[in-house]
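Look at the two complexes coming up: chain A is in both, with chain B in one and chain C in the other.
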Partner chain A sequence: MILNYIGNFALFFCLILSSIIFFTSISSLNNKNSFFKRNLNELLFFKFFFTFLSFFSLVILFINSEFSNETVLNNSHISKPLFYKISGTWGNHEGSLLLWLLILTFCAFFYFLKSKNRPLDERLLTVMFQELIIIGFLFFLLKASNPFNIIFPVPNEGMGLNPILQDPLLAIHPPILYLGYVSTSIVFSSSLAGLMRGNINNFWAKHIKSWVYISWTFLTLGILLGSIWAYYELGWGGFWFWDPVENISLMPWLSLTALLHCILVLEKRSILHSWTVILSIITFTLGICGTFLVRSGILNSIHTFANDPERGLYILFFLFFLIFLSILIYFIYEDKFETNNKNLNFYSKDFSIILNNWFVMYFLSVILIGTIYPIFLEVLSNEKISVGPPFFNKLIIPFLIPFLIFMSIGPNLKWIKNNKLSNKLNLIFIFILSIVITIFVYRFYSSVALNITILLAVSFYLFFVTIKDFAKKNYKNYSQMFSHFGFSLLVLSILMNSIFSNEVTSNMQVGDEIKFLDKNIKLQRLENTKEANFLKLIAHFKIEDKDKIELLFKPEIRIYDKPETITSEAAIKTDIFRDRFLVINLVKENDYLNVRYQEKPFMIWIWISAIFISLGGIINIFKKNEK
Partner chain B sequence: MKNKYLKIFIIIFFIFSFFIFYYGLKQKDLYTTENSGIQKFPNLTLHDFFTNKQTSFEDILIDSNYYLVNIWSSWCLPCRDEHIYLTQLKKNSSVKIIGINYKDKKNNAEKFLDEFGNPYEYILNDKDGIASIEIGAYGVPESFILNKQKEIVKKIIGPIDQKKFKTVLKIMKNEN
Partner chain C sequence: MKIKIILLVILVLISFSKGSFSNELKLENKINKNLRCLICQGQSIYDSQSDFAESMKLVVKQKIKAGMSEEDIYSFFKIQYGEWILYDPQFNIKNFALWLLPIVIFLAGGIIIIVKFGVLKKR
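Here is the complex of A and B:
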């Protein structure tokens, strides 16, 4: 009970501290003599500490199952394992916002600590913008989604955490994703501050680069974890569905990827100043926009409705406040950019990066339009539509082809100018090699569409070019090599996966047998067991292939009691060539099971390639620290 | 960006988007089909929840000026909040309420009805959710108000609350 008050008051204290920091940074800007930075550092630390205190109280409330707290009541119950009691803290709207705020205050503190080599007024302005964001979220938290609402009389038992969220992956997915989103706020604030002070140059790029790498790496890992969770837990048999919620997480990633490359060009060549600032603004506002779209319930997806319009309204106002603020600052201060008339050469690294940035912006707009167009249409014409995978596939796949080509050739060019391509022969040889391989694949499996075939060829091209780069003797840019290699692997495995997947669906009873390709699938027996917080129905399947090699599959159906929910746990056997995926569903009022068996080639390589991509970011973070 | 018109365009664009989102939030779950032409409720045949007999909407949509077709499920938490209003509607008006039980287990659904009462004249079973999709539902709960001619007068996405409850009553009074 007491923890409710501690948590709540700690948040109020944060609000006061935030306002103090906000005004201190403004007054120190006007009168730098009055500034003593020790003070600000301590204030930032205290604010972080109080947010932590508040977050910690909520965690303890969850661990102790104190149902006097409304958030705990709605999202936990006594018999839940300790691990999920803790992870349940951020498995709901209020708690996750508190976690968001915790990371936000930590970032502000950490930024100020680590930016001592930057001009003081830029740092102060950055802190000011950061406080503005923090105050916005604090108000939101306290007013519209307070995690410390008290319920009286105290109920005996809670409503329980949604079972599909009871998964180890989903326990670490939000913190990692938030680390990614929230650290873009520093890039946002710092770029606005730099813009106001005319500081956007190669030194600024060098300084902010590590923040971009950190957020990019965490965002990549966060999306990867979410995707793995969707594959293993939801049992839909896929990893990406172009669902609005997924699109929303992908958009900031795309603009952040473009920003990452822009920062590199800015550091090396002192061009693309405006690109960098605009992308920093876009990345962060897209993150907030994602929060708005997901939490307000404005997007329609086939889920139960339980939203609070007040919340949506608040984030909407906050989002557009940030958008207009940054547009205004940009328009007023854009003259402060260093002007230069450096020419761009077609055969240069800079040029291919800029070109690919345009492609990324194109992908971004396709996804943005696909996600929010239904909302626009509904408001303007009362018509409801939903935009599905065909839209995205049609608009994105053809443009991936030139994108991948530039991605292969670009890193082999030099900055500024390349009169003769040094390893031209190599590149041409690899190009021919990838075409040959593709023709081979095409003949083997001729029902593939033409654009997919070309895409396959160019992703083989990128794949081999990056492999060739690993063998290069002189200077190596490991992070770039890993990320680009990972990306080619990702496109390749997704393509292979979609071309060669096979599946069978059937209703089966115990003893039934079905044939699939050259295999025999047999349902041997059913088994009931009881676990701590759910009942389990295990089906034993035996799959025998033509060489008489037997595989046993044990897919499960879990019946949770609080809240009463049924989930399917797929049985998945993974090896390096394919995933075998078997999932069962109960057919109500019938004594047979609905069985779906899929063979998905190269599934594991999708995860591995995403790990490679983020490895590139990790290498860069550590490389920075060594210096 | 030296171009003044571009600046003005960008600002106007964002103001426009703001209002779109604003109205999107305000109106999202209550809209009439008046603008897009009158829609007739599809005549589907489903199994009756209790007797498991084949039942078509033709057979049950009779003898009333208004019908409310409500898609519900025992696992859907907002449906519990909504249920009170359905019971109220049954008491206070002549509307015939027809339930479509969406992707549910019979046991759970029966428990739900025992606990909260049964305001439904008929309940039809939609265990695979296909019928709900054919009707044009976006999720559970969702309700359709039909007039005597079986035309959709209003569609309510999400739970019926105090405000929407009043709207429903108003429609019936106005058009009676």
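Here is the complex of A and C:
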């Protein structure tokens, strides 16, 4: 009970501290030797500490199952395992916003600590913008979604957490994703501050680059975790559904990827100042926009677990405020950009990065339009349409082809100079090699569409070129090589996966046998067990191939009582060549099971390649620290 | 440069000679993936196991057996349930912005790059 008050008051205290810091940073700008300047670090730390205190109280409330707290009541349950009691803290709207705030305050503190080599007024302005965001979120938290609402009389039992959220991966997915989202706020604040002080130059790029890498790495890992979870929990073997919520997490990632490349050009060549700032603004606002769309319940998505229109309205207001503010600042201080009309050469690294930005922004616009167009259409004409995977495939795949070619050639070009490719023969040889392999794949399996075939060839090309780059003798940019290699591996494994996947669906009773390719699938028996908070129905399958090698599969159906939900747990056997995926489902008023067995080649390589991609970011973060 | 063009032509020719799409189950899955399960939250009937999805899957199966083409099946469902059921939005008057806007943005981006960096002037 007392923790409710502690948590609540800690938040109020944060609000006061935030306001103090906000006004301090403004007054310190004019009066450089004011008292507070020296103490700003301490103030930022205290604010972080109080947010942590508030968050910690909520965690303890969840662990103790204190149902006097409304959030705990709605999202927890006594019989839930301890691990999920803790992760349940951020498995709901209020708690996840508190986590968001916690990371936000930590970022502000950490930024101020780590930016000592930057001009003081830029740092103060960054902190000011950061406080503005924090105050906005604090108001939202306290007004519209307070995690510490007290219920009286105290109920005996909670409502429980949605069972599909009770999963180890999903417990760490939100914190990682939020670290990615929220740390882009520093890039946003710092770019606005730099803009106001006319500081956007190569030194600024060098400084803010590490923040970009940090957010990008966390965002990549966060999306990966979400995707793996969707694969084995929601899934019937899919890992990316082009679902609105997934698209929303991908959009900031794309603009951050563009920013990550663009900032290199700014650092090396002192061009693209304004574009870098625009990208920083876009990235952060897309992050907030995502929160708005997810929380407001406007989107029809499999991931919409809890939502409330009023909250959406507040975030929408806040979003417009931030966008308006950034546009205002941009146009007032626009003349502070350094202008130098350096010409670009077609065959240079700088230009290929601009091409990268061009294509990435196109992909972003496809996803943005595909996600929000149905909403606008429904408001304007009251007609509902669905935009799903076919739309995205049609608009993205043709453009992915030239994109992958640029991606393989670009890193082999030099900065600034219009240079000829020194290893042209090598590149041509690899090109022929990729075509030969594609023909081989094509012969093996002929029902592949034209665009997929070409895409396969160019992704083989990128794959071999990046492998060749590892063997290069001179200077190596490991982070770029790992990420590009990972990306080629990702496209390749997704393609192979979609081309070579095979499946069978059938209704089966105990004792039934079905044939699939050269295999025999037999449902041997069913078993009922009782776990702490659910009933479990385990089906025992035996799959025997032509060499008489037997594999046992034990897919489950779980029946949770609080809240009453039925989930299917797939049985997955993974090796380096393929995933074998078996899932069962109850058919109402029938005594048979609906069974789906899938063989999905190279599934694990999709995850491995995403790890390679983020490895590039990790290498860069540590490379920076060594210097 | 010449070599590249020749290779590209070969590649395109190879890709055109693709075999016919005969596998009935593959077609069924493809259609199922393009139909929205109306009572679910953002799932195709392929991904869903609700009663609605199950009965829809049966309808799709029957229609294929009856010899209806993929397009026919889509228009059948569109008449029954409205465009909301199709995951592949059609290109028509109210959707043209959906399809064309990204392309317009892409072209605009290209123009901006050409104007800003004088790529054409140099060549």
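The criterion applied here is as follows: the second predicted complex is superposed on the first by the 617 of 627 C-alpha atoms of A that agree within 3 Å, B and C clash if a C-alpha of one lies under 4 Å from a C-alpha of the other, contacts with A are read in each partner's own complex, and residues count from 1 in each chain.
Just so we're on the same page, a contact is a pair of C-beta atoms (placed from the backbone, for glycine too) under 8 Å apart; a residue touches a chain by one contact, two chains touch by 3 or more.
All of these numbers come straight from a predicted model, not from anything done at the bench.
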Chain B versus chain C as contact partner of A:L450, first or second or both or neither: second
Partner with the higher number of touched chain A residues, chain C or chain B: C
Which superposed partner A:D561 touches (first chain B, second chain C, both, neither): neither
Which of chain B and chain C A:I375 touches, first, second, both or neither: first
Which superposed partner A:E383 touches (first chain B, second chain C, both, neither): both
First (chain B), second (chain C), both or neither touched by A:N585: second
Touching partner for A:E338 - first (chain B), second (chain C), both, neither: neither
Which of chain B and chain C A:F320 touches, first, second, both or neither: first
Partner chain in contact with A:E527 - chain B first, chain C second, else both or neither: neither
Shared contact residues on chain A - chain B and chain C: 300-304, 381, 383-384, 588
Residues on chain A engaged by chain C in the complex (per definition of touch): 234-236, 238, 241, 243-244, 299-304, 343-346, 351, 354-355, 358, 361-362, 365-366, 369-370, 373, 377, 381, 383-391, 395, 399, 428, 431-432, 435, 438-439, 442, 446-450, 453-454, 457, 503, 568, 585, 587-588, 594
Interface residues, chain C side, partner chain A - complex: 3-4, 7, 10-12, 14-16, 18-23, 26, 29, 33-34, 36, 40-44, 46-47, 49, 51, 54, 82-89, 94-95, 97-99, 101-103, 105-106, 109-110, 113, 117-119, 122-123
Interfacial residue positions of chain A with respect to chain B in the complex: 159, 274, 292, 296-298, 300-306, 309, 312-313, 316, 320, 323-324, 327, 330-331, 334, 375-376, 378-384, 563-566, 588-589
Interfacial residue positions of chain B with respect to chain A in the complex: 1, 7, 10-11, 14, 18, 20-29, 31, 35-36, 74-78, 104-106, 108, 127, 138-141, 157-159
